[in-house]
Every structure is written in structure tokens, then in C-alpha cells.
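I'd like to ask some things about the structure below.
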Amino acid sequence: MSKAMEATVSKKSLRDNPLVWPLAGLALVVAFNLVTGPEFFSVSVRDGHLYGNLVDIFSQGARVMLLALGMTLVIATGGVDLSVGAVMAIGGALCATLVTQLGYGLYLALPLTLLMAGALGFFNGAMVVAGRIQPIIATLILMVAGRGVALLITDSDVVKIQDPAFLYLGKGYILGVPFSLWLVAAVFTVMALLIRKTALGLLIEAVGDNEHASRFSGIEAGRLKLIVYAVCGALAGMAGVLDAASVSAADPMRVGELKELDAIFAVVIGGTALTGGRFLLFGSILGAILLQALTLTLYNAGVPAAVAPVPKAIVIVGVCLLQSDRFRKQISNIIKIGGKAS
Amino acid sequence: MKISLRSNPLYATIGVLASLFAVASFSYEGFFSLRVIANLFTDSSFLGVTALGMTVVILSKGIDLSVGSVIGFTTILVAYLVQDAGVSVPVAWGIALVVGVLFGAAMGALIVVYDLPSFLVTLGGLFFAKGMGFVISSSSIGIQNEFYDAVVGIQIQVGPGAYLGAGALAFILFFVFCLYLLKWTRFGRYVYAVGGNEDSARLMGLPVDRVKIGVYAFNGFCSAFAGILTTLYMGSGNPLTGVGMELDAIAAVVIGGTLLTGGIGGATGTLLGVLTFAVIQTILNFDGRFKPAFLRIAIAALLLGFILTQRALARGKE
Amino acid sequence: MSKDATPLLKVSGLCKRFGSVQALSDVSFELRAGEIHSLLGENGAGKSTTIKCITGVHRPESGTVELNGREIAPRSPREAELSGIGTVYQEVNLLPNLSVLENIVLGRVKTGALGRIDWKDARRRAKAALGKLEMDIDLEARLSSLPVAMQQLVALARALEVDSKVLILDEPTASLDEAEVENLFRVMNLLRDKGIGIIFITHFLDQVFRMSDRMTVLRNGRYIVTRDAKGLSKQDLLQDMLGKAFEEMQSRGAALDAIAEDRAGRATQLQVRSLGAPGKIDSLELELREGEVVGLAGLLGSGRTECARLIFGVDKATAGSLELKGKQVKQGVPSESIREGIMLASEDRKAEGIFPHLTVRENMMIALQSRRGALNPVSREEQDAIAEKYIKAMRIKTSGPEAKIKELSGGNQQKVLLARWLAAEPKVLILDEPTRGIDIGARAEIEKLIESLSEDGLSMIMISSEMDEEVRCCHRVLVLRDRKVIGELRGSAITESAIVRKIADHE
Amino acid sequence: GGGGDSAEKKVKIGFAQVGAESVWRTANTDSMQSEAKKRGVDLKFSSGEGKQENQIRAIRSFVAQGVDLIILSPIVETGWDPVLKEAKRAGIPVLLMDREIETADESLYAAFIGSDFVEEGRLAAQWMVENVKGEKVNIVELEGTPGSAPAIDRQTGFKEVVDEHSRFTIIESQSANFRRSDGKDLMESLLKLHKKIDVVYAHNDDMALGAIQAIEAAGLKPGKDIVIISIDAIKEAFEAVVAGKINCIVECTPLFGPLAFDMAEKILNGEEYERRVVMKDSVFDQSNAAAAIDSRKY
């Protein structure tokens, strides 16, 4: 009997596994490319490192992946962080200014930058926790101000980066694989370990599920939120540094513009509910990959840039639909009927 | 008769708004005038209409990110119809409003029927409407039309040099309509009910699904209406219009005391929130000393100050 | 059973499944006009689900519902209401953000020109509905400003407002005090006399016997039997419900004196010194010994819950202090209290208790986890052991430890929450309405549990609206009135009449 | 009209700027603000954040403040009539800067100074026609933000010339939003999509600088294997020209300050002035960039 139960459990868990749906979306994008241009998948070795669209998906998607990882935690606590794009700009600007203008070594500039970005995230958290301001509004403030701060840091200039160590962050390869990918993998591993090997993940989920009850269960929701917002800020700062490194310049005006939407999109596509509670770090990574694959596909298909948002919308809503029980039931009914008819 | 708790946050908003206005009046020459006050309404007519629609959505515990794009789409649609397709203005407006309602209803249906998060569906709506706007035309289309000129020419003088234009009048009338809708009609009360607790509303036998679809359809109408007001304000259509407006609208609604968790708040607060936004912008224009970098920081600082004061006042009252 | 008249409501062969849980299988019963028909069964037996299938909240897989001989298949509560079935659901399902008035009439208001709601008419009708309950509540008050009991009455007023032929009450008395229950019963009798059929669900057997004409017993989602109330013995009924013979907890009477004496001689566990906060409670003094169970008794609103919240620290005290084992405890920080071992099982399980989307297992171990600190995780083996232990010990009806707690019936959720606190190994456990919504079998088990925990040295503060429970469980009872302790009873002197006398006599 | 006007008769000018979307724009703002300071003009600055409605609002508030003159850098060409009429009614002259507007009533503004984006596109194309050899030249165009005036005009001018020469084909034209990282990302995929790309034409330097990095990462030499042409001519682009990574930049100067205030003074003093002044955009390539680079400040 217990075996039978196990069987039903595992069967159920496959269908209910939220990772299935971003994967399905990804499969769709892959299928589209297989039909329209299989060269999309060709990966070769050039100058001793891997070269091809598949590599680009990861190296270009690294920034959104970092943002999405932090955003996942924030959303899990029932919040949202709109300021990540602006914090990216600050991160890039600060690190570049420290290295280029003030002559700091990267080993010093990078930790300082991350600290600062973390502090900004902490400020968001403090407004949510202590100020009891709704997260959208609390982080909207930094979203507006952040770009101004970045402009101040660079004196409204684009800072050019020549420091080889700095550039390595964006352009280096280890074992033929882009450094940024290693970085994301490392961040993901550390976070996943911290969250699943300790009880942090569960506590975050509890706070997001029922904050009031979490207080009665002795969870310090405030402190958790502060940590989570700070982490999100620091990761956004790191994403900004990566962005600067990959184009050899920190542009306070345009870096991270609208990236907050991408990050939120990646998180939710990845199966984390916007209402908080259960979250899936790996799902968010998949969501970011889907997003980047979609962008590249649109480039490749030569879809006019102005119209590109339309297919993007269709994918967003499509993946949403796949996640909906009702829709799945309808589809399977249609398939059943079709099966019976034939 | 005791004062209802409900209006407490409003007092705070009114207080802060009034003091902001007072300080600015002392600091800037020519600030304290009927003209500036009238301008507040004219300048925020389209943001106001959008924010009113957003209020209804947020009251029902939803969110609609598509409003900015729908506004942009509407402006270019109207401009195209009037200017390039030779459709008469009222018909063009009618088409735009119908399209807005249908678009909103379609998003609402997706949200309700498939139980999808409103954030994502309307994010999809944002991208879709944005892309479709560019499909009509990627550059702005100016509207040269007698009917338009006539409508723009409607102005009610409320003081020396102070006029309420057609947009402002439409905004004020629409505000009154929303007040009525939310306080006096079944739909309005059901919106509060759904926002308060959807499950309960269902158990109480309220037509939750229809209300929710109605909310998004209504907001689609508001966006299209705001788009039309924008064409009046700018005399042109442009797919780029309205970018980021969704956040302004949400901010105005929340500043006005409506909770993002649904069920609490209302149109009056939103009017105050919109005016606050307009006052902050006017102050910055009157001051005009900021470098672009400081400008953003100044806006944020003013917003922060406003929200914190409002919080403090509201808490003091508790 | 006489089969001459067509029944008012006829339910036949209802089946309902939730995922892997078969909540109902073949449930049938008949409700006659002018009778009160109780629906009985343990937690999770399927009572609420049956109701929800009748009123269109859930669609049953099979089975029919006939009203006056005509089959109805309501697709929503609204349709059920229109066909003449008024319902008060188990969880108070109202709208906290709206006024009392709207909670009573919303969905049925008349509108005039321009869709304008006729508030005047609505007010009149709401007044009339409250009048039936002989209640006078400020119609404009926001519902969330009322205590749960009042909200319950508002829900009732709402169900009475339509001219229903069938009235369904799912555990309406769970949070009412005696006077309010009497009031409700009076109304129920009145309605019965008018020929309305009432389906009544409650775990209070006294109330069942007092009010019902007939009763139907469900067990594990199955129909067991329908009996006439006349001449039925309590033992027989319990046998039907539990499927086995039932042994009732006896009041320990004189034996209690010895226990109370013993506890009074033990070391002090918790010392509460003039704890108070304005508008909450006046200067509370309490000395709790090891293994002692102290009850807080009083009427609704007398401040019992406030005491509990202050001691636990979810509310900040403005005066006074707490000492646990002679060591000062920081008041006002729940996480600190839990770490020290002071815990509160709150009376509001929906808002302050459950994490709806987390599993039963996680809901059980979360307090233990936060006691240990986030970086010191409770191992999975330990978690599974905890879950297994308490599911078995408390006979929690769930598809397994990995079910989401929101899928459990109300009473079973309550049991999971109790398990949460026990798993965290408290030194002082405050139980606020621990048996609210719990079936009689489990209630007896919980009482036994309290006794054995007390023997193991756990100190407890117990709040229960059912005085007999406090009488059976407590070694000492503090009687509260108007947010003040006005007296104390000890050992065998604790009787219902003694408590009531204390409350009444105090000048 | 309050108290302080007798003490100081400072000229009050309102400046409705597009926003702060690029280095070019901030340089433009700086130029205006520092020039105003030098001349003791009370400059009311307003940033439109890329939204026409904000600019209209700013102009209306300038009118309410009773400024002496309004300088406007319009975000789009159409839709200015109503608000400019309001300014006219209040007797405040309007000076258009940087971009022109489309209107039936020329009297709504006093004068225009600025650049001609279409001409910039033409210049870029002409340089290409003269300098790029080959029978079949494949061009990739990196567009600016869809719908923005410079993106539209720079495409129009460029295409106009290219269409006259059959050996040139634009094989790909996509938007990288004037952004450096988007330019890089886009170029990375285009390099994989097309085997033969001869010329990259970017609507601004940022996108070109991004594209260069993508080209280098693909193991090619920008400026040699692929000809790079861009518009704006910020300092960094000059350096890239000197380094041989960009072949040609078309200058679009943001330093309107001195000229704009000269013009404003003339208008206010009722002196004669030229109604339309178009800045002469120069073209820089390896031959003349090095000489000019030191004079670049932004």
C-alpha cells in the first residue's frame, strides 16, 4: 500500500512541479528555432572558448539571473523590489568610478560596491519593515532616486573601464565558459545551500505565507525581510558591475533600465507566486534563461524591434496559461476527445 | 455621530498636501494663484483618469500594469483614425473606447477564468499594447482637426488667467462619476467586497467573476479615455506616450491611502494623490535649479517625505 | 421514519473528491420542514463539505439535491440563496473591510435610477434582520472593529435576512458565549415554528440534544445513520460518531484537591508582576507553578485573551514584568518568549495560526525551528518523526504530512497547531480556546493530553469558553471581569456555578 | 507679480529639456546651465524624462511663473500647438532648440537653433559611399529607441542615400535602444546570424561602442574587418576613432549654450536675428579626429 501511495505521489509531483512550465516555454522557443534556423544551436570553439547563441543566452542572461535570484527572495516574503534596475546603475557606476577615477584595486572596489548596494537594499527593507510602507511604494522611491545617485557618482558621465581585472568579470572565460556563468552558478549554489541547508528558506516562506502568524510562531519577520532586501540589493549591485564589465563602461543613465520588470517576470515564470510564500530559486534561473532565449530568438528572426513586445507578451501569457490548472484540464480534455474520435 | 475611521488617512493626506502647497506658495513667486491651481487639474487630467481606474483595480485587490501602454496605443490609434484614415472624431473616440474596454475585459477574463496573477497578465498586456501601438505608426502623428480645436478651445475661466480646459473638466466630472460608482452602485460595493476577501464574497453569493472582469474592462475604458484626453492635451498621438505611467498611477493611488492589499480606500484619496503628484512636479518646475541628477533625487525625496509624514500623521491618529 | 410528506430538502448520494482525498462518498439525508436537523461527525467527517455541495460552493461528482421535490443544482452560493437556502459557513466568511450593514445586505440590495443603491431600504432590512436576533449593532461600524462573536451574529443576521426555507448553520455557536447561544436558540426555535428547516452543525452535544429533532451522523465522509432525538442516549450517538465506544472524562472532584495541593507546593515557573497595558488589562498578578494548569475564566470581552497576549508578548505591556524560573524575561518580543519557552496557541487560527500553503509537517515544526534559530535546522528525519508522532497521537485526518494545511478541515487544523506548540517543548504554554471547533472525541483526548503534560511538569494557562472544560482541566482558576482579576478558585472548589457566582456577585 | 522685481532685474528663462537619457543630453544641459550662470540669467530647468506630457506641463508652469522666454527641446515633433498658443497668449517668446516641431502656425515660436538629424544620417551614408569599397556591401543598422525622433530621422537620411547606390544593402535593422549593452547583445547575435557584415551603422556612439566589444569578442577587428560608423561624437568615440576601432563619426554638438543665449538676448531686446540656425555637423574619421580630440569635453 505504501508503495502504491509513493507511486501516486511521484506522479502527482511531476505534474505539479512548477519547473515544468518554464521548461515547456523554453521547449517552445527551442522548437521555434529548430524550425526557423537550426544554426541557432551551433556551438563552436573560438579563441579557446565556447562560442554560439547558447553561450550568449547564459552570458547575456547572467545579469537578469542575478537580479532574479534576489528578487525571488523578496517576492517570497510577499514584497517586491522595483529599485533593482537603479541599484544596478549605482553598482556599475560606483565600482567603475572607484577603479578608474580613484585608482582603487578591484579587490577593494568590488566589496565596497557590494556593501553599498546591500546597504541600499537594506534601506528598502527598513522602509518596508520600520516605515511600514508598502513594498511597491517603498522601492519606487529608490527606483526614482537611484539613477540620480548614479549620475552624481559619475558626474553625469559614462565611465570607461580599462582595468583588466574588472574587464575579466564581463569578458573572461574559465575552461571555455564565460566567467559570468561561473559567477551565477556560484551565487546560486551558495544561496541554495544557505536556504535549503538552514531553515532560512522555510522561515522566509512562512513570512510570505502569513506574516501575522509568523510573528506568533516566533519568527522575526522584520529581520528576515531586512536581510532579504539587502541581499537583493547586493545582487543588483553585482549585476551592475557585470553589465559595466561586459561593455567596458558604466553608463549611469541606461544601465538596468526596465530590468526590474525582466527580473519579476523571470521569477514569476519560474513558479514563485507573487503573493509570497513558496519560492523556487532554480525556477527563477530558468525564467531568466527563457527570457534571454526569447530575446535572442527575436533578434534572429529579424522581428522589427518595435513589434518585438508582441511575441514577448504572447510568451508571458502563454507560460501563465500553462501554469493554470484550469487551462491544463481543458487542454487534456480536448486531447482526450480528439483521442476518442480517432 | 462619530467620525468614521475610514477617512483618517485622508486627513493626513490633505494635511500634507496643504502644507506642501503652503510652503511652495511662500517660497515661489506666483505659485499661490488660481492659475496654478487650475493648471494642477488640467495638467493631471489624464493621469487622474488613469489613477481613478487604477483605484478600482487596486480596490479589487488586482493590479493593472498595462495602462501606460494602452494610453500610448490609444493616442496613436485615435491620431491615425482621425488624421490618416479620415474617420470623424466622435467615431474615432468611440472605437478607441470600445477597443480599450475589450482589451481590459480580455485581460480580466484571462485573470478570472484561468486564475492567473493579474500582475503577469497585465504585464503581457503592457508589452502587447506597446507593440501594437508601433504597428500602427512608429512616429508621432499630429492631429489637425477642427473638431479637436473646438474641444481644446472649451475653457472655463475660473480666475484671472486661470482656465479649466476640456481635459480638466472631463477629469473632474469623471471623478464625481467614480465617487458615485464606488459609493452608490452595486458594482462599486462589490469591488470593495471582492478586494476585502474574495472567498467570502463568493460565499456571500456575490458575482465575483463578473465583478473582476468588469473591473479590468472599466480600467480599460479609463485607459482609453485617458488616452483620448492625452491627445487633447498634446494634440498628437505617439506610441511612446504613457511609458511608465502605470507606476505614476499606482503611486498616486497609494499616496491617496488606498491599500494595495485591496478593499480599503477610494476615489477621493486618489484625487488627492494625483494632485500631490502635480504639486510636486509644479514645485520642481517653479524651482528649476536642479541638475538632472538632483532632479530625480529631489522628486524621490519629496515623495519619501510625503509618505513618511502621512504615515506619521496616520499613526498619531490611531 | 415517516415518508408521507415530501421532504423539504432531500440529499441523495453525494460524492466529492479533493485530489486524493475522498471527502464524501454517498451521503444522503432528508430535511423536513419545521425541524432542526443536526449533522454530526468527527473533525473531517465531511460535514462542511456536505453543506458546501448543497449550496453550490463545490460541485459534487455525483448525487442530487432536491428542494421541495424539485432537483436543484446551484452553481454558486448565490443561486442557492435565490432558491431559498440561507447559510452561515464555518469560518466567519464576511468582509472585514465593509460595514455591518453591507455585510448583512450586500448582494441583495435594491437599486433605483442610475443603479443607485437604496441604502434606506437596506438599512431597514438590516435592522429587521438584527431585530430577529434582538441585537442592536451600529450598522455603520466596520466589521473588523467587532469581536469574532459579534461577527458571527452578523453572519447569522445575513442568513436570516433572506426569507429562506432552509437555513444552514455550520458551527455557529463555536465563538458565542452562553447568553448569545441562548439568544440564537430562541431565534432557531422561532424559525422552526415558522416551518423553516434548519441544518445545524456543532460539536457541543448538549446543544445537539437540546435543539435537534433528528440527527444524521457522518463518519469518514460516509452516511452512517439518521436518528430521532427523542429517546436517544448520548452513548449511542457517540458510538455512531466514533465507530467505537466512548469513555468520557470525569471531573476529578476531590482528587483534584490533592493535585492542586501538590502543584501549589512546587517551584515557581512563571511569575507575572503587575503586568498591564491601558485598554487591555489592569495590572495582572500571576504565579504559575511547575506542572500547574491555571484557567482564566470570564465572559466574552472580559480580557482573557488580552492577558494571554501580554504574557506571550505580542502586545507590549506598559507596566510590569515577567520572570521565568526567577529569570527576567524581556516582555513584548514573541520570538524571545518562544526562545525562553513561553508559547501561545492563539484563538484565531486563520489569522494568527496556520501557514495555509505550507505542509502539515512544516506547520508543525515551525515553532521548534524558530526556537532553535534559522541556522540550526531541524533535520528532515526529526521533522518526519514529529509529523508522524502527532498525526497519530492526535488522530489528525490528513492525506499525509505533506498535505497543505489549508486542505484540512477546521478542527484538524487546530490539532496541527497544538502539535506545533507541543513539538517546540514549551515551559509555559498558554492555550486560548484550544478546543474551539474540535470534535468531542478529540476534545477528550486533548483534555487527557493536558493532564499528562501537567504531570510531566509543563505549566499551562488555559482559556476556554466552555466552563466545564476549565472545571475538568484546571488546578486553579482566575476569574476576570472588566479586564481585572476579581477572584480565584482552587481545586474542587472550581465548579461552573462557583465561577458564574463570582462573575455575577462581584458588586 | 510679487516683491523682488525692483531689486534685481534678472532675466528669467524657462528651459524644457528632453530628459537625461544620454551623455550627449547631459552635456547639452550642462552647457545651458553653465552659460546661464555666466550671464546671470535665472534659468528654470525642467527635465521631461522623455515624456511630452511632462514638457507641456513644464511650459504651462513657466507661463504661470511669467518667465521672459521659453527654450524648448521638443521630444516629438507634433502636438505643440495648444501649449504654444498659451505661451503666445501670455506674450512669451519660444525658442526651439535641438529639434524642430511640426506646426501649421509658424508664429508659435520665435526661432529654431539645432541640428538636423536627417542630415546627420545623410552625412554618415555619404562618408560610407565614398570610403567603403566593394561590389556588395552588407550593412547592419543599429537603431535607437523605436519611435524617437533621432532614430527615425537618422534612419531616413541614411536610407535616402543608400537607396541611390545599389551596391549597398541594409541587411538588418534592429533597435538597441541607444544603449551600450543592448548594442553589444544585439551585435553578438547578428554576428552569428550573418556570415558577411561589412558595415555597422549605429544611431549613436553608445551602441557602436557596444557593438565593437561584440565584434572583438567574436575574434574580428572592428574598424578593419567591419567598418563602423556612428553619430554624436562623444569623446569616447573620438578615442575609438583614433584607435582605429571606429571609422567615422558624425558630430552632433550638444554645446548650444552660448548660441542659444545670444539668440535669446536678441529676441528679448527686440534686435534682429536669424529665425532658423542649423548647427553645422562635421564628420570625423582617422584623418581629422586626432586633431580635434583635445577640444572635446564630454
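Read from first to last, the chains carry the letters A, B, C and D; within each, the first residue is number 1.
One rule holds in what follows: a contact is a pair of C-beta atoms (placed from the backbone, for glycine too) under 8 Å apart; a residue touches a chain by one contact, two chains touch by 3 or more.
Keep in mind the model is a prediction, meaning the values are calculated, not measured.
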(message) Taking each chain's centre as the mean of its C-alpha atoms, which one ends up farthest from the centre of chain D?
(response) C
(request) Could you compare the number of C-beta pairs in contact for B-D with that for B-C and name the larger? (result) B-D
(message) Using mean CA coordinates as chain centres, what's the gap between chain C and chain D in Å?
(response) 71
(message) As a quick test, compute the distance in whole Å between the mean CA positions of chain A and chain D.
(response) 34
(request) Indicate the whole-number Å distance between the mean C-alpha point of chain B and the mean C-alpha point of chain C. (result) 45
(message) If I count partner chains per residue in chain B, which residues reach a count of at least 2?
(response) 134, 138, 239, 291-293, 295-296
(request) Would you please write down the residue numbers of chain A that are in contact with two or more other chains? (result) 151, 156, 304, 306
(message) Can you list every residue of chain C that touches 2 or more other chains, as numbers and ranges?
(response) none
(request) Let me know each pair of chains that touch one another. (result) A-B, A-C, A-D, B-C, B-D
(request) Using the touch definition up top, name the residues of chain A that touch chain B in the complex. (result) 82, 131-134, 136-137, 140-145, 147-149, 151-152, 156, 261, 264-265, 268-269, 273-275, 304, 306-310, 312-314, 316-317, 320-321, 323-327
(message) Residue numbers of chain D touching chain A in their complex, please.
(response) 20-23, 26, 30, 143, 146-147, 172, 174-175, 177-181, 183-186, 188-190, 192-193, 206, 209-210, 213, 217-219, 234, 236, 298
(message) Using the touch definition from the top, list the residues of chain A that touch chain C in their complex.
(response) 5, 8-9, 12, 197-200, 202-203, 205-206, 209-210, 212-220, 224, 277-278
(message) Help me check something: in the complex, which residues belonging to chain D touch chain B?
(response) 1-4, 14-15, 17, 19-20, 25-26, 29, 33, 43-47, 49-54, 56-58, 60-62, 64-66, 76-82, 90, 102-104, 145-149, 152
(request) Using the touch definition up top, name the residues of chain B that touch chain D in the complex. (result) 28-30, 33, 35-36, 39, 42-43, 46, 134, 138-144, 152, 161, 230, 233-236, 238-241, 243-244, 281-282, 284-293, 295-296
